[in-house]
Amino acid sequence: MSEKKIKNIFVNGAISPAFIADSIAKHATKTAIGGHSIFMGQIRRDEINGKFVAGIDYTAYEELALSQMDAIREEIFLKYPLNCMHVHHSLGMISAGEICLFVFTSSAHRKPAIEACNELVERIKAELPIWGKEIFEDDTHQWKENI
Amino acid sequence: MSEKKIKNIFVNGAISPAFIADSIAKHATKTAIGGHSIFMGQIRRDEINGKFVAGIDYTAYEELALSQMDAIREEIFLKYPLNCMHVHHSLGMISAGEICLFVFTSSAHRKPAIEACNELVERIKAELPIWGKEIFEDDTHQWKENI
Amino acid sequence: MEMNMKLEIISFGKISEFIGHQQVEISNVTDTDQLKSYLETSFPELVGMKYKLAVNQNMIQSNQSLKNEDKVAIMPPFSGG
Amino acid sequence: MEMNMKLEIISFGKISEFIGHQQVEISNVTDTDQLKSYLETSFPELVGMKYKLAVNQNMIQSNQSLKNEDKVAIMPPFSGG
């Protein structure tokens, strides 16, 4: 059996633009790459019944989420000729306007990066055991549901 | 008639990760946004007949490209419910590993941002009068063609 | 013959607001369908909710037998991303 | 009757390697199809190449008449992005 290290996609708190810039900059030495596709999820200050969302508090079944993500990663690498794939998801309280999801794919030509990125976002939302609790500005809450 | 300022998409030289981070950070106050989609084109160090590409020297028919881009921008804003759209393209010599195209779209929900970003990339490549001269490491060159 | 089984129960999302992390010792439960009935009797808030189980970190798609010391997660619909 | 027309010619990409920015004064050319023939005679490298014209910053899709002082761009296939 191969020894496999499961990658941790979780970060505590919001994903900063500086972190994203650093991740992009690291690819400058990978000169076989011709196209990068990025998706970022940002917390909306939605108004629901007259109350505004202050942020979302994310929790996850971390061990299961990481093994699910590992299987998804393998399937995506088999399906698309990618050079790189990076996924980061926030845990804890993320305020409106902050970034909670960062998906980053790279390939020699643009199409595989774009298609893999889209598929990853769909699968992350549908298949990873992560839950978002919308915290309103008056400290009440409701649980988010992906539809 | 409305007074319209045509946006300049052209930047001299490569697009830096710091510029991209700054562009992302500026959206933190736009709390109606839920999803951002980014495409970045990066110069490949392709090997062609035993010679390696050192970089691509971009030129454009700038006035025409900007008016074409302006029309594309209007069409995309009519077609998709976007909050933001940003396009930047390099001119001049861009070295292998550097970023020459940055397309950035944002919307309340993910799908419009993703679809608009993809459509923008296709249209930029097909419709904007921009030319890339591939410069090899031995200073010879060949003109790139989008296929 | 009465069968006794010890299970560890964990829960997430809105279900964690009424089912806490706990060890249960139950009888006459040998598979996940029976466990669901047991849970819905013990925690009536579950009735009518959509939820999935994972046993020892494997998502359960159809009925599956349980064994002593299994760790069962009760999960409402996911909302990551 | 002979018609004389002054045109400004600009070119891009690989075409700029053999057609420089220039003013031309030509006769018996009144539309873009005739201009293409004139260009392909003057610059035989153009023959067999794919290229498009723009007149006064408008892309030309089908034959169009020309007038004195028009600015014509000769453009090989685009390769931005």
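Order of writing sets the labels: A, B, C and D. Residues in every chain begin at 1.
In the analysis below, a contact is a pair of C-beta atoms (placed from the backbone, for glycine too) under 8 Å apart; a residue touches a chain by one contact, two chains touch by 3 or more.
Because the structure is predicted, anything quoted here is derived from the model rather than measured.
Student: Farthest from chain A in C-alpha centre terms, which chain would that be?
Tutor: So the farthest one, by centre of C-alpha atoms, is D.
Student: Using mean CA coordinates as chain centres, what's the gap between chain B and chain D in Å?
Tutor: Computed value for the inter-centroid distance: 28 Å.
Student: In whole angstrom, how far does the Cα centroid of chain A sit from the Cα centroid of chain D?
Tutor: 50
Student: Counting only Cα atoms for the centres, state how far chain A is from chain B in Å.
Tutor: Averaging C-alpha atoms per chain gives centres 23 Å apart.
Student: Find every residue in chain A that makes contact with two or more other chains and list them.
Tutor: 41, 121
Student: Quick check: what residues of chain D touch more than one other chain, meaning two or more?
Tutor: none
Student: Applying that definition of touch, give me each pair of chains that meets it.
Tutor: Result for touching pairs of chains: A-B, A-C, B-D.
Student: Help me check something: in the complex, which residues belonging to chain C touch chain A?
Tutor: 10, 12-14, 54, 57, 59, 73, 75-81
Student: Give every residue of chain B touching chain D within the complex, in rising order.
Tutor: Going through chain B, the ones touching chain D are 41, 58-61, 63-65, 67-68, 89, 100-101, 121, 124-133, 143-146.
Student: Within the complex, which stretch of chain A touches chain B?
Tutor: Per the stated touch rule, the residues are 17-18, 20-22, 24-25, 27-45, 96-99, 106, 108, 110, 114, 118, 121.
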